[in-house]
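Just passing along the structure, written as structure tokens.
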Amino acid sequence: MTVLPSLPITIPLAGAVLCMLFRRNIRVQKSIALFTSFLILLTALFVFSATKDGTIAVMNVGDWPAPFGITLAIDMLSSVMLLLVGLLAVGVSAYACFDLDEPRMEFGFFPLMLILLMGVNGAFVTGDLFNLYVWFEVLLTASFILLALGGERAQLAGSIKYVTLNLLSSALFLAGIGILYGMAGTLNLAELAHLVKDGARGDLLTMVAIMFMMAFGIKAGMFPLYFWLPASYPTPPAAVTALFSGLLTKVGVYSMIRMFTLVFESDPEFLHGLILAGAGLTMVSGVLAATAQYEMRKILAVHIVSQIGYILMGLGLFTELALTGSIIYLAHVIIVKTNLFLIAGAINRLKGTYDLHKLGGLYVERPGLSILFIISAMSLAGVPPLSGFFAKITLIIAGLRAESWSIVVVALGVSLLTLYSMTKIWAYVFWKPAPEPLPDLNPMPKGKWFVFLLPMVGYTVITIAMGVFAGPVFDYASEAAAQLMNPQSYIDAVLGAG
Amino acid sequence: MEVVLAIVIGFLYGGGLYLMMRRNLIQLIIGLGLLSHGANLLIFTAGGLRKGGAPILAEGEKAFGAMVADPLPQALILTSIVISFAVTAFALVLFLRTYQTVGTDDVDELKETDS
Amino acid sequence: MIRDLLVCFFLLSGGLLSLAAAVGVIRLPDLFTRMHAATKTGTVGVSSVAIAMMIHFGEVTVTSRGILVIAFFLLTAPVAAHMIGRAAYRSGVQLWILTRIDEWKTHGVNEQNDDD
Amino acid sequence: MQMFITNILLSLLWALLTGNVSEGNLMLGFLLGYGSLWLLYPATGIESSYFKKTLQSLGFILYFTKELIVSSWRVATDVIKPLPRMRPGVVGIPLDAETDLEITLLANVISLTPGTLSLEVSKDRKTLYIHAMYVINPDDLRAEIKGGLERRLLELLR
Amino acid sequence: MVEFVCSIVMVMLMVAFGAAFIRVVIGPTLPDRVIALDMAATIVVALILTHCVQSGSFYYIPAAISIALLSFIGTVALALYIRRGGAS
Amino acid sequence: MTSIILRTSTRYMFPPLIVFSVYLLLRGHHFPGGGFVGGLFAGSAFALYALSFSVADARRALRLDPRDITAVGLAIALLSGIPPLFSNHAFLTGTWWEVPLPLGGVLDVGTPLIFDIGVYFVVLGVLLTVVFALGEEK
Amino acid sequence: MLTLLSICFIAALSAPLVHRLCPKYTGALLVGAPLAMFVWLLKRIPEVAHGHPVTESFQWVEKLDLELAFRLDGLSLLFALLISGIGSLIILYTQGYFKGDPQQGRFMMYIIAFMASMLGVVLADHLLLVFIFWELTSFTSYLLIGFNHENPAARTAALQAMLVTVLGGLFLMAGIILLAGAAGTWRLSEIIQRGDVLLAHKNYLPILILVCIGAFTKSAQFPFHFWLPNAMQAPTPASAYLHSSTMVKAGVYLLARLHPALGNSEEWTLILTTIGTITFLLGAIMALGQHVLKRLLAYTTVSALGAMIMLLGIGTAYTIKAVATFILAHAFYKAALFLIAGGITHETGGETSVDKLGGLRKAMPVSFACAMLAGLSMGGFPPFFGFVAKETWLQAVEAYPLLIVATVIGGAAYVLVGFAVGFKPFLGKMPEGLHAHEIPLSMRFGPAALGLGCFVLAFFTGKIGHDLVQPAATAIAAKEVEVHLHLWAGFNKAFVTSLITLATGIGIYFARSFLLAAAARLRVLVKFGPDAAYQFLLDGTLKFAAWHTRVLQTGILRDYIRVTVLTMVVLVGVALVRAGGFQRWENLSPISIRIAMVAVLMISATFATVHSKSRLRSILSMGVVGFCMAILFTFFGAPDLAMTQLVIETLTVILLALAFYHLPAFSHGSKKRTRATDIIIASSVGITITLLVLAALHVHTPTPVSDFYLDHSYKDAHGRNVVNVILVDFRALDTLGEITVLAIAALGAYALMKLKPKKGEGGE
């Protein structure tokens, strides 16, 4: 256990550094990026198998005992997140190798992508509050650049809001860290949990908890803090948006889950009630915003918000089953959403537009792509037996068992509108004949096109598999949720490992 | 003393936010700068002000005798300063390019991508 | 004791010089006159404080660094002042109304086109 | 210059010999090296000006320090007095200094002396325009600078 | 005694710093502000050195050297900015 | 052309700035300083050079592309975490070697110091990348 | 059962492939799957009829108690036979209908998947599993209804059907989860034994309402009936299938299935009979005004479903028996008529209106024969099975005079529609310009088998009653129901009523032109119907969504910041109030003049930074703030910080100056009111942060972590400068992240400066 937990951080960094050193040679960079992505996935698989029995993999960086050094701690939630990052890394880097324009590659797309992955992985494995902040900054900075890379008008205009609001969030996060450190005198999450449990003045702690809720809420895209998302996500190339949608907001949600299951337990009724209310509003607001759109990428982007609402719903309900639902939903939505963005990108590659009004006729023209799309779209809408169904129904069951009627009503209503949005894309892009025949911009020969589609096929298979093999998925998620509900094991693993 | 600094922190946060709500890209940058000052001072203050020496062990000594300042918040702030600097530098270039490409430095006019 | 007195002397003169610079920078009528006060009186003030410090510690390590501080100030301050003064003059900052002579303007008007 | 480098090498040797690379020890080594070089130079005969320059430098530093303190005091007192006493002006000083280093050092020294401030070197490098706070008669000022600062400085450098 | 003088000098320096700040604010030209900021930096160095004397700790000297050097570079940059026609 | 006074001063101030930056870097473990401030100083020295002469001149003086310096620095910092792995310690564990100096005395060299050197180069590269790019903007 | 179901699904998925490999025999090959199911089901009849249901169960999601549990009892058997049997015929029919069409493979895929899903619904013994298949039917029917996707009407109808049924599905989902919770099990076979528990449960009424809404939307009950006639956009084989036997009956099936669990209450009766009766009459009456073949049939389907619900609602042994019989009869004649209607349209080049058809008997004799049989059965003429069903039905409602009247009215409408579809197109004179051929062989199996079935079944009433209807009725009632069906039950009240119905029906058939005219005039009412309500709701939602987005996504950063920070202020404020404010002031050190002076300077510098019309003044003032920070750091023992702060501050100024060459001066002021509001908001944030800091000091604890650093820095980490040791050793990972940020920030800045889109690519 001396190396493994640090690999999710060091491997992408090493890849990024190599890419930087080979900055003149795009082909070498491509190979490095692909190879590194595979390594990330491989590491994630190792970590996954090491922790799937409930073991918490702990490593003290620099051999300084917790809580003095920085501790990396991987529980089941972390390891499933790592696995998702690995899956995403492989697919998106392969996709980018095909889809991205040369100048972007030349000016550092691959190192930036790898460093984004490093930041995300770091956030998932760290057991230290300030270190979490650092990883947030790493991934945010990488995302700022990826967002603006290329310097197109819309990209730049959109990134202003993205950058500003995320920096605001960082300032609030930092304030929260400072205050919490002042109160507890430590930054180690396990130690914090420990102290908070014994500590006095939990009521004042609630104020700090709200600072964290704000900071993570902005990053997660929670209502009413998500405005940066619709403005910015639909502007960069598809590979970037796919990466963002899969990872960025999810890191916010992950952190919220981590902090509000481990550290902030002082006033669960108020805090989790707040999260639940936020979750409901997030769902509704996000789905309404998506409903109003007629640009494929934008619909997908804005929908991220409503899906965040679902994940938060599990946290808000704060039962084991509900958290199980959240975890399944997280996994599901990361895979499916990424896939949808890649498919949208493929469509844009073919037709040169994301506009629903201009597109059409792909159902006949590209049956393969249609199948990939409809499966993912329906999975997103929660059609059984795809992954989305199990995610949704688990949350609904949890909500009904907790007798939180209103959130259930909201969740159900939102899922209907989600379906509406997905069928809207389907009807406009695939079913409807193209209003004006669009030229086929795709210069790829058939074999290459098939390779290009491979990541999408892979993700589609995963979403189906997550439904068909829902048993093991559910077992794992509920184990992970049980770990979250009983933070003592985490605390013991971290503080006892010194 | 802490009360005084707490008020200063409040001013920094408030001032930073006010500037971020203006219409110029430059004011936005400056606002972010103030915000970052506020955050750093906040860590410093909330981490506990000890009016002691620097946490540096004098040549020839093996352990700290007198009370010294808490080194951890200092290290955190150092990291935070650096990160802010990096982000500010990037944001500056970003805003510059935005101005050159979009043709305006009026934040209120940058709304085409929102709805 | 004498050492302490010396320290106090240099400290106080540094403080007073700084105060004088402060008064000058507020009170003097145009940029150029203010620069005389701000850059040089300030430099001498700082040097004075540095000397106080060197005397106070009386250690080689501190003295060498104190000298370094003074040296760097003496090295940089005039160049900085020169750069600002030159730039200000060339960008058309007005001289005080009572400035009597401007030989640069009368003799050097033809040659100020060589920047950048 | 060669002597100076030799001197520094000697001080380093001293530091290594004593196994202590602290500043104090280096300085001690430098002084010892200086002394040994001074003792040796009649035998070798190279760069005898090294020791003369040392004295000249010390003289210049003393002169300059005096100037600095005196004029600082003058500026410091004058900022408190009524303003119209000032007679500021921009004056051109013809230069005897030729090399970059000479011009620069002269300009800097002039700037450092309170009451005068180098603004610009003319393009033909023949004139230095300065701003001075008390220009009763420009020619007096020119003479004062050329005879004082510039002369001493050039003596030292040449 | 040194301690007390240090306190007094600090107040003096602080006043000087305030004066420099006022000049930064009132300008009126950009060179005025730049020169005032340069002076403020100088005073900060004096403050730091005074603090060294007062606290008996010389660890702050590198900070003083740093600002001596860097404020110079900053001033040069601003001067060049002024020369290129930067608005005040 | 900028002022002759500035150019000459820069030429003479450049070496002390670099020396000072290395001093800050190497003494950082025991005194205020460290790779970060050291790197900033080195970068500032080149920035000053670029301001006094031109960005092209500064690039020539630097010889390497600042982006490469950044990458190398990052690589050094990352690699400094590797040696402890061979002695079954965690990543980034400080490992120290006592290097005997000729004529007695020892030099304490450790991976944290190497790490700091990496920081130094990253900061130097970063600062110059940005400054040069901004300076070249027309 | 799982195996057979899987085979069906696999057949569906392989359909496009099969079609590509041998397009001519796609149907023949694929029909094997449903046929296998059908045969298997037929073989199970004896044991099921003897009360031995076939069960099967596999674990799926253990933690969710989700099992692949199937159970074949009388009710399931009846439905499954219809689904697989008619399904087989439809597949054959499709082969002819889509002859030469490249889309055939896809259609086969959808329809077989649909069939398999429907089989799943009726076979599943686990509520969640039922729901899963239920949703699948909604989804596959979406694909089927929108199959002619180039036609906007088809897309609209598909969406409508999907939205309505999925909406119902969501209600159903909530309902079944509550139901399972109340019953303590997901197993249907167990739930239906816990009727008492459920009836007494506090959630009984919600469960009932939720389940009913789910069932009603699926089974097109008033007021959700409107989607069904619109769904006629589907290709004929699909509509025949959807309407006759399957999808729409899923609701009926579910209510029948849950009858033992939920049925023994007044609420049940009230809801079901009311809605059922309204739907029954509404569908029948609406049918009168139609002239499009498929629409005529569709409205009677709505009506028939209403009748089933109505009968279920009454819930006596008689009515249950009637429901089971009617389901069977309806499936046969409706499917046959749909197929023939499709055949007519197919072979006449797309004619859909009854009134423009006539005289096809010569051109399409086989079709005519089948149509006649089915039409008569629909009308309830003896000796057809429809008559048998009608008799049972009338006997069941004998005790309810109002329902008798309703039945007569509805029955008469069925007669009319039976004639209009079964006879009208074939008799009389062929209109000019109409050309027709007989349907091809593969398309004849279906109509023929079903049409004949309508007739033949009537003569095996005893066997059918005993083997199919009785087990089904028993399952619905959850108690033994004796069923004896007779073609001729004697000259009783029901027979008389039946005759009256027939006479009325024939009468109105001849008054059809008058009815059509009346209907045309009544069409205005549609504006206020549920169809319009659906449209209104959908449009309203879209408009609301657009409005919501306009209001929230203003595009103005200021608004976003305002909302964000106000949220924080309010929430922190609430938390503070909840905490009861601060009670003690400890841990605070006295104020020194120096610090106060720095504070004053800092506040003024902040103010100068904020309130400045010149950007340089603003930035230089911020520089003063930075200097003040450095001074504070110096005072509180942080030399490294002071140094870094000073250096960074200066460098920031340099960078800004470099960038300012290319940026314009401040020019855009905001309105006075905006500024005032912003000041208030910013101040509130400042106050909040101040309070938070005070809160932190309030609970300040000594810092054990830091003492470790002080103790171990030199001893174990070889460094005297503890801050630096933390940075490069204790917390080196932070620094590694930090320099990574630096590195990529530079990378990004460089890329932004150097990588510029070519002219013309700047826009979207």
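Labels A, B, C, D, E, F and G are assigned to the chains in the order they are written; within every chain, residues are numbered from 1.
One rule holds in what follows: a contact is a pair of C-beta atoms (placed from the backbone, for glycine too) under 8 Å apart; a residue touches a chain by one contact, two chains touch by 3 or more.
Here the structure is a predicted model, which is why all the values come from computation and not from measurement.
**Student:** Tell me which chains count as touching both subunit B and subunit F.
**Tutor:** Per touch definition, common to subunit B and subunit F: A, E, G.
**Student:** Measuring between Cα centroids, which chain is at the maximum distance from subunit D?
**Tutor:** In terms of C-alpha centroids, the chain at the greatest distance from subunit D is G.
**Student:** Taking all protein C-alpha atoms shown, work out their mean, then name the chain whose own C-alpha mean is nearest to it.
**Tutor:** A
**Student:** Using C-alpha centres only, name the chain that sits farthest from subunit E.
**Tutor:** For subunit E, the chain whose C-alpha mean is farthest off is G.
**Student:** Name whichever of A-B and A-F has more C-beta pairs touching across its two chains.
**Tutor:** It is A-B, judged by the count of C-beta pairs in contact.
**Student:** What whole-number Å value describes the gap between the mean CA coordinates of subunit C and subunit D?
**Tutor:** That gives a centre separation of 16 Å.
**Student:** Between subunit D and subunit E, what is the gap in Å from one C-alpha centre to the other?
**Tutor:** 25
**Student:** Could you give the separation in Å between the centres of subunit A and subunit E, each centre being the mean of its C-alpha atoms?
**Tutor:** 47
**Student:** What positions in subunit F touch 2 or more of the other chains?
**Tutor:** As it turns out, subunit F has residues touching two or more other chains at 2-3, 5-6, 9, 12-13, 30-33, 36-37, 41, 44, 47, 67, 70-71, 74, 78, 81, 92, 94, 126, 130, 133-134, 137.
**Student:** Could you pull out the residues of subunit B that touch at least 2 other chains?
**Tutor:** Where subunit B meets two or more other chains at a single residue, that happens at 13, 17, 20, 25, 28, 38, 40, 42, 44-48, 53-54, 56, 59, 72, 76, 78-79, 82-83, 86-87, 89-90, 93-97, 101, 107, 110-115.
**Student:** Among the residues of subunit A, which are close enough to touch at least two other chains?
**Tutor:** 13, 16, 20, 61-62, 130, 134, 137, 141, 144-145, 148, 151-154, 160-161, 164, 168, 175, 178-179, 182-183, 187, 227, 230-231, 292, in rising order.
**Student:** Name the touching chain pairs, would you?
**Tutor:** Pairs flagged as touching, ordered by label: A-B, A-F, A-G, B-E, B-F, B-G, C-D, C-E, C-F, D-F, E-F, E-G, F-G.
**Student:** Considering the complex alone, what residue numbers of subunit F touch subunit C?
**Tutor:** Of all residues in subunit F, those touching subunit C are 1-3, 5-6, 9, 12-13, 16.
**Student:** Inside the complex, what are the residues of subunit D that reach subunit F?
**Tutor:** Interface residues on the subunit D side: 16-17, 19-20, 100-101, 103-104, 107-108, 118, 120-121, 125.
**Student:** Which subunit F residues qualify as touching subunit G in the complex?
**Tutor:** Against subunit G, subunit F makes touches at 28-37, 40-41, 44, 47, 66-67, 70-71, 73-74, 77-78, 81, 92, 94, 96, 108, 110, 112-113, 115-116, 118-119, 122-123, 125-127, 129-131, 133-137.
**Student:** Using the touch rule from the top, collect the residues of subunit B that touch subunit E in their complex.
**Tutor:** 53-54, 56
**Student:** Which part of subunit G faces subunit B closely enough to touch in the complex?
**Tutor:** 549-550, 553-558, 561-562, 565, 587-592, 595-596, 599, 602-603, 606-607, 609-610, 615, 618-619, 622, 625-626, 629, 632-633, 635-641, 644-645, 648, 651-652, 655-656, 659-660, 662-664, 666-670, 678-679, 681-683, 685-690, 693-694, 696-697, 700, 703, 705-706, 709-711, 713-715, 720-723, 726-727, 730-731, 734-735, 738-739, 741-742, 745-746, 748-749, 752-753, 756-757, 762
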